[in-house]
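Below is one structure, written out as structure tokens; comments come after it.
When the chains are written out, they are named A, B, C, D, E, F and G in that same order, and each has its own residue count from 1.
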Amino acid sequence: MGLLNRLDDPFEGGGIILGKVEDLLNWGRSKSDWYLHFGLACCAIEFMALNASHFDFMRFGTIPRTSPRQADFIMITGTVTLKMADRIKILYEQMSEPKYVISIGSCSNCGGPYWEHGYHVLKGIDRIIPVDVYVPGCPPRPEAMEEGMIKLQKLIREQALFNGKDRIEELEAKKALKI
Amino acid sequence: MDLVGLAFYFLAALIVISAAIVVFSKNIMYSAFSLMFTFFGVAGLYVLLNADFLAVTQIMVYIGGILVLIIFGVMLTTRITGVDVKSNSLGKIQVGIAGLLSTIIAISLIVVFSSTKWFLSEPKVSGDSTKLIGNELLTNYLLAFEAASVLLLIAIIGAAFIARRK
Amino acid sequence: MINYIKSIWEGLWTVLVGMRITLLHLFVRNVTIQYPKERFPIPDGTNGTAMARNRLELDMDLCDGCKRCSRACPVNCIELDILQVAKGVEQPILKNGDKRNAWVPSYEIDFAKCCFCGLCTSVCPTDAIKHTTEFEYSSYKRSGTVSYYFDDKKDYDRGLKFSFINLTEAEIEEKKRVLAEFKAQQAAAKAAATVAKPEAQTEAKTE
Amino acid sequence: MGETNFLIKLLGDNLITVLLISALPLGFLVVYALLAILGELKISAWMQERVGPMRTGWKGVLQPLAEVIKLIQKEDITPDAANKPLYNLAPYIVFTGAYAAFAVIPFSEFFVPSGINLGLFYIFAVGSIGAIGIVMGGWASNNKYTLLGAMRSVAQLISYEIPGAMAILSIAVLSSSLNMQEINKAQTGWFWNWFMFGGPGSYEKLWVIPFTLGLTLIYMIASLAETNRTPFDIPEGESELVAGYHTEYSGMKFAMFFFAEYANMFVVAAVLVTAFMGGWNSPFGSFLSGPLWGAFWFIGKSFFVIFVQIWLRWTLPRLRVDQLMYLGWKILLPVSFICFLFVSLFRMLN
Amino acid sequence: MGIGLTHYLVISAILFSLGLFAIIVRKHAVLVLMGLELVLNSANINFVAFAKYGGMNIEGQVAAVFVIILAAAEAAVALAIVLNIYQNFKTVNVDEIDNLKD
Amino acid sequence: MLANEIYEILKKEFGDGILEFKEEAPSDPYISVEPSKIFDICHTLRDSSELMFDYLMCLSGLDLGESLGIVYHLYSFKHTHKIVIKTTVPKETPTLPSVMHLWRTADWHEREAFDLYGMIFSGHDNLIRILLPYDWEGYPMRKDYNEPEEYHGMRVPY
Amino acid sequence: MNETKKIQLEYSQMESDRMRLNVGPQHPSTHGVLRLEVEIDGEIVTEVIPHIGYLHRCFEKHCEKMTYPQVIPYVDRLDYISAMNNEWPYVMAVEKLLEIKVPEKVEYIRVIMAELNRIANHQIAVATFGLDAGAFTPFLYFFRDREYILWIMEKCSGARLLFNYFWIGGLAHDVYPSFKQEVLDAIKQVRKTNAEVMNLLIYNKIFIDRTANIGILPADVAINYACSGPTLRGSGVKWDLRKDDTYSIYNRFDFNIPVGKGEVGQLGDCWDRNIVRMYEMEESCKIIEQAVAQMPDTGDVKEAIPAKLRPPKGAEIYQRAENPKGELGFYVVSNGTEKPDRIKARGTSFVNLSVLPVISKGYMFADLILILGSIDIVLGEVDR
């Protein structure tokens, strides 16, 4: 729970108001995430439940957009088949920078239950587009998706805007320092 | 130069440039959209000429009505799914002759306008032009006004009748 | 004409009815459970409910390496190696008191593949593999195989592939060595036995 | 003109004052847009037993700010297939159309940016500029969805302008003015003096009240259609056309469209308030009236109208294109003509 | 030099000749219509300019109002005809539409 | 009507076209028929007044090793009886008449069978792949199918 | 197989005033990854060609590689909205092959679960149908109630969506003590919200205008296309497998089969298909009430679960059951081993979707979305 409590506090790490411009910009981006929901299969239903009143995904400042141009991150929920894979690539390319990808559920992580005999299933969405956060589960609970969202917000918050380093490396480096 | 002069030259430039785009552009959609700026400029001139009712009417009728109609007309009569909508002109010689003709007319008109001694009355401080126009329309020009209403009605019915698919 | 007026009236009236309902809901208490602060009650097997099927947990002190879970898994996400216990040399026991038949030097579950169907838990004879109520382990990397225990370093990004072993490298080496020795010993004994009683064995085979 | 503007009184009539006057609504617009976005998010959430944005500042109040910061940073994509000059120009034209209307909105008895005599007429005129911008953007994006969205949007806008204009025209007849300040002044007193309830007058006006109420309703519906709000959000109906005419827009250009939509919401609300609901007049006679209270009442009433717009949005399903046209041409138009007729009759008799 | 009547007249002359050029040269029927609108606008500028400077007073503006009404009616009818022509001939090139029967 | 009665009716009408009738628990009773006669048999099943099989519940392909099988599960709303019709075609020339024009629902079922098993239904209007992409190679539900290594530059195996 | 060429040819030959729109595969209202190739003339739909297979997950291939119990998780993932109802025909088929008789209590729990899941499914169906029409709020009211049903199911099975609860010969887990009370509470809430949504959405004038007289499906066409479930019943055909081909213990309950009556428009339009779902929720509530009253308290739910599952060689069966969307059938062929030789799923949505090109011709583009929504498809079942 330690992790989550820290993430929950928006004024963590020196406070945004007094912080640097980078912090402010990152704060804005992390708190206002418009997403393109790429609903494919079972996970999409749980994702709909996540949008519903009990979980209320909009608490995180997320707003669904149907156009990839306006989306900040794309949520891939479900099994990606080979017939579908090209479309995801196109959609991802249409999104405007900065863009992120959350892969939700076993299927989009690695093919899930279909990884062994699924001749028509793409085994892992990361074979065609880079993935920022993997959420496991088949389907994941809505809370697990929320946790993935918090992880993504954390990633955006800790992103270095100006020195151009790869963000995952940056994060890893920070973690290495912490541990 | 005072504010009015500045505004006039700005509007004049807007009108001339946008009208030139209307006339010379190869892309008919550019022509259509550029027409908006011409209408705008003319409306601006009306404001400078103390005709604010006319200016607003110009915007309302020309931009809100005619221009939308024209754009719809372009879209319905041209393959619009591509962005390069071309419109051809005549051959070079004809264009040359037409250009010459237009230039001659323009120059002669300008010469005539600037050389004529117009009977100028002092620019009146116009009151509420809306009220004045309304009074005129319903007194001196009542017949013309009614005729115009009938014309509009006929135009609506006629347009709907013609454009309807058989 | 009557229909025309009626349809206008119906339109207005039904819109008003709908507006009344939404307005009433404006003042109803919200049902949202704000996740990181509050949590949903997840069934945890008490009070007769089923265990929520989230992440699997394995008690290595109970696991006997019978591989039933691996066989029952429809998606084959459980991979384990076993190492025979050198019977006679060592007599380890499981947590529940039974005799241990095998060491498990590697036991990995790939949660990226797991479909959380619960079939592995139902076949486990010792209840070593169990579902937990924990679901928060999304990560930035898929394949980061890190051999950590479950409980420490919670905020470390462990990836989705988990290794459950509680034996250190040295211990595994030791076990392997013991087993190899034991096997060699056994083989030697067997060889000695076959040399001693070849007839008896051939008889047994023919029967 | 000048006497209705306290800034001219204070600072005199010079260029700086003019700039200041024209900048004031922009400042208001920014604050208002932030509030309206938050309101939209929160009210929809409460109606659905949710909580809405909660994690940005206290109870999520900083959410619109975060969105603005985000939108500034977003990459501004111009699609390769698009017609670049028009594509880049369109959002500004749409925004200009929305912002130009603010020039005549009377915020208070002593503040109206420009109190021209043709206020209402002017608002209707500049409203049509947005249509051109929309069709420009929709066409220049070179996408079937945007084009369809733009065509629908313009068709809807120009057909609903007529019943809306009829409703406003009735008010012009009642108040015998197109100046928004004059119209406001004509409704001074208690709330039964509002044109929604037939305007000032004695018991004779009772029979005209149904017609003026009907006109209010007609204008409300027509204004919803003009601002593309549910149930008339067909141009951007996400279940059919992905996001309507602004599908291809991203970043700041999209923000301009977004901003213009919210600005338009306020404009139609302001016109409704001015024409039918007494503008900056206090509903309770001279109680709590005055220049500052006037601004409060005006903005408060406008916000109430915007709340109704939001309320309707989260209640109703969406109409279909032909039903929308049916409603506009065959119901609103004749009804508005009838109402106009009776209101003129009333005006003639008195 | 202050802005006087001549300035407006010059603008209107330029606009007029541009419109004329478009009417003569362009083949697309809608573009011809646009040229026509330019010509009408130039005429309107004259009316309004004379209303202010030439002593025509408010009558000039009234005339302009009628021109605008005419322009609206003309645009509606003309575009309806263009649409009809397009449906029958599948072209809107004014030079190609030369037979009386369809 | 019971399954053996249906069999009798069909046997009377088609003689040699009807190969076998089998009824043994727990399986459903079925009638095996000649593949070339399938359209006529189905036509009779649908239109004769005492059978009236107006509802094709399911049409499945099967891989029987050397041959491919097609199974029709029929149901009648009027008489509330059902029957299973089976037929087999050789793997090399898997051609048989389509029943799409009798029951429109067979359209997609047959396309699916073609897609996954490679059966050719003659007389089908639009026999193209339905589930898999149009440029997919092979018929994946056959038992001897090997999944491809690569499709459009994407690796298929895990 | 020159399909791509054929399509290209069609594109090149198309009339200039007809536009071809590609709706999907990723489109907000195709209910998943369906691609519709739509030819529109202005706003009128002249042709619809559904392209499916974007979620083809090789279910039937997997079944051949799995043992009988291992198939159940895959069966769940067919129609992932009503997983309980999916499991049922499959386990019934295998039980019939193995000739197992399941205990009384198991049957009751199965009925309750299936009906609860039917309610949950119809809630999603009506909610997304409203969403297609542009009404967002009823969507959330339904999802709020669905959550209460999912809680019950989660407490019984451990999962929220894909339950793996019906096992061959029994159930995965017994119900918990307060089960009955919570079920009754949940259906009370369901009824309350249904009454509310009836006023808020179903009888709203705009909604009626949008959905009545749209996508009319005549009964004979529906039968020829083998439509089933609410899609068929919306056309006025009173046919429900629970009554007409009764299975399990449905003959013990008293319930009606709601059919479309053409109340506000023509018989068989979108509104009728939708109202059938609303009424069916009420009927399910009735069944649940009766089942809860009759259900025995004692009994082991796992007693009939066999240790070895080897149906006789060559045995085959086609078992169907009334899925919320219609008839879901499983054709199971055994080869005498632990693994089935062939399992064919007769997807309800697959069959129901095939009627879409017929019923959507001549309506407007916006109606196409609603017609698609009224069929209530799940792409997991269409593509399998």
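To be clear about the criterion, contacts are C-beta pairs under 8 Å (C-beta built on N, C-alpha and C of every residue); 3 or more make two chains touch, one makes a residue touch a chain.
This one's a predicted model, so the numbers in the text were calculated from it and none came from an experiment.
A.B. asks: Both chain A and chain F are touched by which chains?
C.D. replies: G
A.B. asks: Taking contact as defined at the start, I'd like the list of chains shared as neighbours by chain E and chain F.
C.D. replies: Looking at chain F and chain E together, no chain touches each of them.
A.B. asks: Among the chains in this structure, which pair is joined by the largest number of C-beta pairs in contact?
C.D. replies: Max contact pairs: B-E.
A.B. asks: Please identify which chain has its centre, taken as the mean of its CA atoms, farthest from the centre of chain C.
C.D. replies: E
A.B. asks: Taking each chain's centre as the mean of its CA atoms, how far is chain D from chain F in angstrom?
C.D. replies: 62
A.B. asks: Centroid of chain B to centroid of chain F, CA atoms only: how many Å?
C.D. replies: 71
A.B. asks: Where the CA atoms of chain A average out and where those of chain B average out, how many Å apart are those spots?
C.D. replies: 53
A.B. asks: If you average the CA atoms of chain C and of chain E, how far apart do the two points sit, in angstrom?
C.D. replies: Chain centres of chain C and chain E, defined by C-alpha means, are spaced 80 Å apart.
A.B. asks: Touching two or more other chains, which residues of chain A qualify?
C.D. replies: 8, 53-54, 56, 59, 66, 83, 110-111, 113, 115-117, 119-120, 138, 141
A.B. asks: Quick one: which residues in chain B touch 2 or more of the other chains?
C.D. replies: 53, 57, 65, 72, 81
A.B. asks: Check each residue of chain D and list the ones that touch at least two other chains.
C.D. replies: 45, 47-51, 54, 144, 238, 242, 314-316 - these are the residues of chain D that touch more than one other chain.
A.B. asks: What are all the chain pairs that meet the touch criterion?
C.D. replies: A-C, A-D, A-F, A-G, B-D, B-E, C-D, C-G, D-G, F-G
A.B. asks: Where on chain G does chain F make contact in their complex?
C.D. replies: 1, 3-4, 52-53, 56, 58, 60-61, 64, 96-99, 221, 223-226, 237, 239, 244-245, 311-312, 314-318, 320, 327, 329, 331, 333, 342, 344, 346, 350-351, 354, 383-384
A.B. asks: Please give the residue numbers of chain C that touch chain A in the complex, ascending.
C.D. replies: Per the touch definition, chain C meets chain A at residues 30-37, 39-40, 54-55, 74-76, 110-116, 135-142, 153-157, 160.
A.B. asks: Can you name the residues of chain G that touch chain C in the complex?
C.D. replies: It is residues 66, 69-74, 137, 141, 144, 154-159, 162, 164, 172-178, 196, 199-201, 203-206 of chain G that touch chain C.
A.B. asks: Can you tell me which positions in chain A touch chain D when the two form their complex?
C.D. replies: Against chain D, the touching part of chain A is residues 8, 10, 24-25, 27-29, 31-34, 53, 56, 58-61, 63, 65-67, 69-70, 72, 94, 96-98.
A.B. asks: Looking at the complex, which residues from chain F come into contact with chain A?
C.D. replies: Residue list for chain F touching chain A: 131-133, 140, 145, 147-148, 151-152, 154-158.
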